[in-house]
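Here's the structure we're looking at; comments come further down.
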Amino acid sequence: MSRANGTLKLEIRKVVKNFGGLQALKGVSLTIEGSQLVGLIGPNGAGKTTLTNIISGLLRPTSGQIWFNGERIDTLRPYHIARKGIGRTFQVTRAFRRMTVLENMLAPGIVKHPYMSRRELEKKALEIMEFLTIDHLRYERAGNLSGGQQKLLELARLLMLDPQLIILDEPFAGVHPKLQRTIYDYIKRVREQGKAIILISHDMESIFTLSERLVVLNFGEIIADGPPEEVKNDPAVIEAYLGRDEEEEHDLRRAY
Amino acid sequence: MEWMAPNLFPVAWMSVSSTYVIRLILEGLLIGVIYALMALGLTLIFSVLNIVSFAHGEFYMIGGYVVYVLLNKFKALPGPAALILAAVVTFTIGAVFERLFLQPMARGQVDRPSEYAILVTFGLSFVLQYIMLAIMGPFPKKAPRFFSFPKLDLGFLRTTRTTLFLGEIPLPGGRIFAAVIAVLALMAILYFMYRTWTGWALQAVSQDRNAAAVVGINPLNMNTLAFALGGMLAGLAGAVLVTVFSWVPWVGVPASAKSFVIIVLGGMGSIPGSLVGGLILGVVESLGTGFWPNPATAQAYRDVFGLIMFALVLLVKPTGLFGRKL
Amino acid sequence: MTFRRIYVLWVLTGVFLLGLLFYPVLPKVNLQSYWLLVGMTALFYAILASSWSLLAGYTGQFSFAHMAFMGLGTYAAGIMIRDWGLTPWIATIAGVLVTGVVGWLIGYLCLRLRATYLALFTIAFAEIFRLVVKAEVKITGGPNGLEMPPYQRPEAFDRLMKAILPYWDANQYVPAYYTMALLFFLSLLFMFFLVRSRFGLFFRAVREDEEAAAALGVHVVNTRVLAFVVSSMIAGLAGIVFHHFIGLVVPDEMIIGRMSLIIAMAVIGGSQNLVGAALGAIFIHFALEWLQQIPMPLPVLERLLFLESWGFSVDLQAGLLRTNAWRMVGFGILLMLTLRFAQNGLISPILDWLARKEAVEEVAKRFQAQRDMGAVDAVQPVTSPANPTDDLEAEGEKA
């Protein structure tokens, strides 16, 4: 797998997104330079997934721009953005259910490496799948996999694109602790390869240990941005989190 | 026509032409009302079940045949009774089909529901067409007109037994009658949709299935009702037009094509969209046909204008005039 | 060597190809022009059904204009021959290109949107195209149809073929049959390789989840347009070649009822599998032909439906047409039942079952067992060999 060079730069400039009367993002600006692991947290409905969808081109921002490596990408189509090196997973897994696991892997592989032979691609796919412990399922229809295994498949599939920046939307949600460990290792390893990661999670424990920088989104606005230690003690963050629903409060207590 | 276009231009061409244009527009509106009625049925189905019925034209065809058969068999049967029976028959076909073939979809018993919906409604259209071909034969039928004007002469507005004259503009009585019935049916269905409890329930389901289910509306029953009502509206459109056009088993195909144009033009699932879209299509067709240079092929090109409009809408604004989202 | 189901498939394929090759001299056919015509029509429908299912079964898009594209290509070729004096061979290519261009335009218009729009637009396009062709008598010959001159074959070719097949010139339909058979074979082969290629992978990925495919870099619109254009061009080609042998094309071949029949053939055969759809077409065409041989007890049917009592006159011509219509109703109902209860069709599942490697099933079964024991996520990876295919092959041999 090729090492991403250090020139990576993602700039989100004053992105606003309206859904009818609802303003999901109220002018979000964020710059990610060089390979970093940025944790993105925020209560339910804060706009995290919306931001992800806008970066990957599935949604158009109402206003604002997104630049990636000196190029404006918010006007591009999703496939174009993906080929530029931004990969993402979905909060609700979206494997190609009636295709085998291997075919799921090959589709993005061919996109990225149109001239690579099938055999080589398969080898590359198997390496990734082996690391994520799903290689034995390669001829299984993806729809037959368990929810957690489908999550792993999505993570694996993503790497076939050789992305520079990876956006993971809640990879730990609804996953058995054992698999969580696998995903945790995956993130660390991908990080070591020099890729930038935006990690969205409600699992405070892993996000505090993994992220090098923490961004907090609340009601479509960034209310804190900095090293995890600082953000943790930011009064605005505590305010935003406390008094919301119990589950999150619980998460927070675990985190502190 | 002095009362419309004062003769500023001293040429006969102008006055003839403006009369002609007005006549075309009026004719377009008359037929447009019926298109709107039919498209409204499709809109109702789409907004509640979130599918397009590809058998819509066949409900139209069957509505017409029912009236034809009844009027032929029972000469004494009053026209409106035949219309009501046509409505009942098409409603029943719609309800039975929905229960048998679409309900499993809502229950999640079929794979790839959106693809299934397209094919299974198309399958229904196939079956209905050939059933009617088998029963009625391939030769064109035309129902006797069951309405004639009282003789009237109010100067500007005159009638003969079959035609109504607005000034110099002749309007065929059959179409006026059909349009009047269509307007009444439209008013009835809009009243039902907006002023009755069941209508509200239908709308509630169309806006949010789960929320509707929570407040005690059974979405499955609403599905059946919407599909049957939608089919019934197409059946009514056919029932009023069978006295105007001649009827063959595949008469529903261009009719459904028109409804498709209208719902896309108006915006899928929009009730005002299908009303306005129907009138627009009627007028555009009428004007286009009226000014087509070669009268021999003009009727064949009637539908082409709709198709061009369809393409333009898809190109420029796929959400249509009143569309919410895609 | 152990018995494997794939051998059955090979044998069946061999039998089918032999049947295809020697159909003209099969006992009942016996070089009669009627049966040769039936055979080549069946193959014509088979090409149409399988190319339709290339679009429907692999991309989940539905074109109701497949017959219209067939007609478009044929009329384009016929008109170019008549007015521009092209030779039939060149006109064939030109006609296919015309279908491709129109297909591309319609594809670009509709395929950016969800599947319903293509279905809506093509049904309107097909009907209106037919009406226009019928009306433009000066250009298209109107309802009476357009003449399609036969292909010119070099004499040497005929002599060669006669040396190979002694009955080559027994009947004008013998060369026609073989041309259709060759076209059928080649188009099926072409589509087969297309769906096995990367494009097939993209077709399916886009069908499964458009957004996920796009997020992985697949160009959704282009992928769909490609499938639509290829499928339409094959329909056009089949139409042109077929009608050059028939000698005439009429607009009513494009009626929606005919389109419905193609769809019924593809769906009943199984539109998820090109061969399944093609076999469905062949079976249904012969079934319709066979049903026509049985005198339908018309009076029984009519009385059954109390039609006489409703006072419809039953003349013989219309009566015949009606009994045929009832047969079509039967297929329509079969279509709906297939959709409802066997979405993969009636033939495809058998082919799929025969083609599926036992080893794959073995593996699947093993993991199913583990899952049933509740060890879903804790499954340890089996040691992975370097070559995935070999390892399965080996497991299959062991089993």
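Note that the chains are named A, B and C in the order they appear, and that numbering of residues resets to 1 at the start of each chain.
Note that a contact is a pair of C-beta atoms (placed from the backbone, for glycine too) under 8 Å apart; a residue touches a chain by one contact, two chains touch by 3 or more.
Computed from a predicted structure; not experimentally measured.
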Contact graph of the chains (line, ring, star, complete, other): line
Using C-alpha atoms only, the most centrally placed chain is C
Chain B and chain C have mean C-alpha positions lying a whole-number Å distance apart equal to 34
When centres are defined as mean Cα positions, the distance from chain A to chain C in whole Å is 43
Averaging C-alpha coordinates per chain, one finds the centres of chain A and chain B separated by a number of Å equal to 49
By the touch definition above, chain B meets two or more other chains at residues none
Note: in the complex, chain B contacts chain C through residues 51-52, 54, 69, 72-73, 101, 104, 110-112, 114-116, 118-120, 122-127, 129-131, 133-139, 250, 253-254, 256-257, 260-261, 264, 296-297, 299-301, 303-304, 306-307, 310-311, 314-315, 318, 326
The chain C residues in contact with chain B across the complex are 56, 60, 62, 64, 109-110, 112-117, 119-121, 123-125, 127-128, 131-132, 134-136, 255-257, 260-261, 263-264, 267, 305, 307, 310-312, 318, 321-323, 325-326, 328-329, 332-333, 335-336, 339-340, 343
Residue set of chain A touching chain C in the complex reads 56-58, 77-79, 82-83, 87-88, 90, 94-99, 102-104, 106-108, 110-112, 114, 122-123, 126, 130, 133-140, 144, 146, 148-149, 157-158, 160-161, 175-176, 178-179
Given the complex, residues on chain C that touch chain A span 198, 201-202, 204-205, 208-209, 211-220, 360, 363-364, 367, 371, 376-382, 384, 386, 388, 392
